[in-house]
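Should a chain be cited, it is by its letter among A, B, C and D, assigned in written order, with residues numbered from 1 in that chain.
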Amino acid sequence: MSMPWEGIVSADEIAAYEAAGFGRPQAQGKRPALLIIDVQYRTVGTTRLPFWESIKEFKTSCGEVGWQAVDHIVPLLALFREKNLPVLYPYVAPKESFDLGRLAEKVPALMGVAAHGYQFVPEIAPRERDVLLPKKHPSAFFGTPLASYLIDLQVDSLVVTGCTTSGCVRGSVVDAFAYNFKCTVPIECVYDRSATSHAVNLFDMASKYAEVIPVSQVMQHIASLPRASS
Amino acid sequence: MSMPWEGIVSADEIAAYEAAGFGRPQAQGKRPALLIIDVQYRTVGTTRLPFWESIKEFKTSCGEVGWQAVDHIVPLLALFREKNLPVLYPYVAPKESFDLGRLAEKVPALMGVAAHGYQFVPEIAPRERDVLLPKKHPSAFFGTPLASYLIDLQVDSLVVTGCTTSGCVRGSVVDAFAYNFKCTVPIECVYDRSATSHAVNLFDMASKYAEVIPVSQVMQHIASLPRASS
Amino acid sequence: MSMPWEGIVSADEIAAYEAAGFGRPQAQGKRPALLIIDVQYRTVGTTRLPFWESIKEFKTSCGEVGWQAVDHIVPLLALFREKNLPVLYPYVAPKESFDLGRLAEKVPALMGVAAHGYQFVPEIAPRERDVLLPKKHPSAFFGTPLASYLIDLQVDSLVVTGCTTSGCVRGSVVDAFAYNFKCTVPIECVYDRSATSHAVNLFDMASKYAEVIPVSQVMQHIASLPRASS
Amino acid sequence: MSMPWEGIVSADEIAAYEAAGFGRPQAQGKRPALLIIDVQYRTVGTTRLPFWESIKEFKTSCGEVGWQAVDHIVPLLALFREKNLPVLYPYVAPKESFDLGRLAEKVPALMGVAAHGYQFVPEIAPRERDVLLPKKHPSAFFGTPLASYLIDLQVDSLVVTGCTTSGCVRGSVVDAFAYNFKCTVPIECVYDRSATSHAVNLFDMASKYAEVIPVSQVMQHIASLPRASS
């Protein structure tokens, strides 16, 4: 599989990162948890439509690239369930009367999403005992008790999926890296409304913060782990 | 001034962000502080050289794009000093025998930088009463008391300069946004070893987190503020 | 008013703190916010009863000392509303199937509180535009976006009320102090199930972190401030 | 061993906490780290003197109770070294020209400690590869990368020693609890300038956040663990 940033980030730039010593591979962890970030109707729409159709339902939708990612998260999630490994859902909480701040100023469209836009996409919705983490800010760690849950679960690594690659996925990966959790991003399981931003953010994460690899390699690794006890 | 991401992020993608309601302008703040991130010899070299020459001295150097940014930070810093506004220097602390973790694994070259690489570039070095913030992770907020200093200084906004655009600048801007500090990035004052990453990260920040504008506009705004009392 | 810790902390100990330079008075702030922490039926009971009666309804109740504090919070809250100053309600969120960790281990009784125990005490319940902050841990700052709200509201100080003095009040005051928000604790507006712990925690906070003063002095200060614009 | 708070916290209050379900015992962890907080000359003096003598050297000294704690930390530290378990030293960094904020206001004496006051007490000083964590605020977690080090070290629990019981020890224990690290406080290894505050803070921690037990029981547990590999 060629990397999604090839042809966007130049060969010369890739060589420059290489020369500077970036992007060394990192072993995947032994006690991973799965993060599914913001996979709610508001980011994909209630039906599978192209981007320009989909944003008529929700301005925040990424359209069909989102549904393609959902297709890839389905078997990955099933594998985590089979192995009894933890699954956590950081998600955008419905806006409340007291929510203002920088977000309302910078992206006001985010303030008026209809209530059913906050529902989880049923194909990969949480079930009993999954950890739900409403959040107000991009990173799943910021202003949430995510780190506390991960420490309690004795997790050493995260597989990060969902959206957007350049927003909450990127923000969460940078914080996970700073907390010293090993981080893996399965390429097909993250999505964004801009193909260029998607590709370059994958390049940035691969260079500095995470293993960015095909989902098949992630599944191979998870499949090799023993089933966790309850 | 055309934006640095034009021609890299397609017109169609820019239109998609526009349609989704991103990137609305944000007023600059009334009590700004200046962040100068990681402008140390290790990121520009001790002399002004092209990238491929410069990394022979420090693998982590960005070379001449760094020095060009220094040239633009000089008058901006002078203006902050003239207005008696706070200046803070988050910087990479020299590695110690106990520093390992994800960073050492992902970018091992960062562990062996020579001691003088940690010196601040003299042209824009800190002086008495500037706040120095050694950091171990990308964001200037993570694992540092930066937020506490800003609250004590009654700052409402940050002007973020330094490097790298796709690394510590981006990470710090995302956290500043989450903390609800208004954030401005003067385009000419940040730098990166990859031109594409630089441009796309500026696009991401402009779309979601910050005002990304020419330094001349930032200086015009700062010049319009009253001089702060000591 | 004599201080609640007199007779519990010895005169000699108070002299020792004095000699070490602790407990210097701090000016109250100009843009205060009111925190009302955990004043839910679970901490006072649905009716005003003595401690040993009250814990038959909720094991976590503090009984009548809680209701006495509510009596004092009522006029303080009215004054904050009159001045159009921000009011925030950090509160204990109902436990969910995924909530385990140290809390469940250390205080298992906290896990089985009936649903109506999480209701706010009506006398001082939140209204439209007050900030609600569900929390999982003692400090109102830990794992919540409280700091972000305070920065957005341009608050410089907090008046901290609610319960328990030795638990969430103390934890929140220590974090507020670390963030550099000025902190005031109106003595009659905080409560605890142990009179000794209550008194000594007030002493600790007065010595190191906050102004601990009669509510009348707090109200006098708030009354002197101009009404905030909306 | 009777508990230090007996006779200070009344039997009735202890019964009230018991009835409310607090203070259940918690297993000690399998991968503990040792925190030695603020054991610097500034908190004990350069020689073993009674409190009122000792504060003539450093206003912040706790005097001989500090030296008694040092005596108990010596064999505990030796045992951690023998087992190759991690040792971390959160410590008060020397004040700099830009350090102001709430601390300077509340406890101005802390700002003028002589330089050698910041030296570690030699009997239990750090050695190569121990983690040093300069801090500006009470909790060892606040504004420091402590959580990141603990996650990288795959620690599940902390043994917390040093000073003061009612200050940085208490603050660090509350944060460790919130992060879901199991916390043990060996009674003889923590110290404070107020005997009452010391006792009541131990009671609070025992009730809500930590195992508070004689150091002999902690050493028995650590001795039972296998030696960690490097």
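Some points to look at:
Keep this in mind: a residue touches a chain if its C-beta (ideal position, glycine included) is under 8 Å from a C-beta of that chain, and two chains touch if they have at least 3 such contacts.
Only a predicted model underlies this, so the values are computations on that prediction, with no experimental measurement involved.
Interface comparison, B-C against C-D: more C-beta pairs in contact at C-D. The chain pair from A-C, A-B or A-D that repeats the B-D interface, sharing more than half of its contact pairs by residue number, is A-C.
Mean C-alpha position of chain A lies 37 Å from that of chain C.
For this pair, chain C with chain D, the centres built from the Cα atoms lie 25 Å apart. In terms of their C-alpha centroids, the spacing between chain B and chain C amounts to 38 Å. The multi-chain contact residues of chain B, meaning those touching 2 or more other chains, are 101-102, 137, 142-143, 145, 147-149, 152, 178, 180-181. Against chain A, the residues of chain B that register as touching in their complex are 8-10, 13, 16-17, 19-24, 26, 51-52, 55, 59-60, 101-103, 105-110, 137-139, 142-143, 166-167, 170-171, 174-175, 177-178, 180-183, 193-197, 200-201, 203-204, 208-209.
Those residues of chain C whose C-beta lies close enough to touch chain B in the complex are 145, 147-149, 151-152, 154, 156, 178-181.
By the touch criterion stated above, chain A contacts chain C in their complex at residues 96-98, 100-102, 128-132, 136-137, 142-149, 152.
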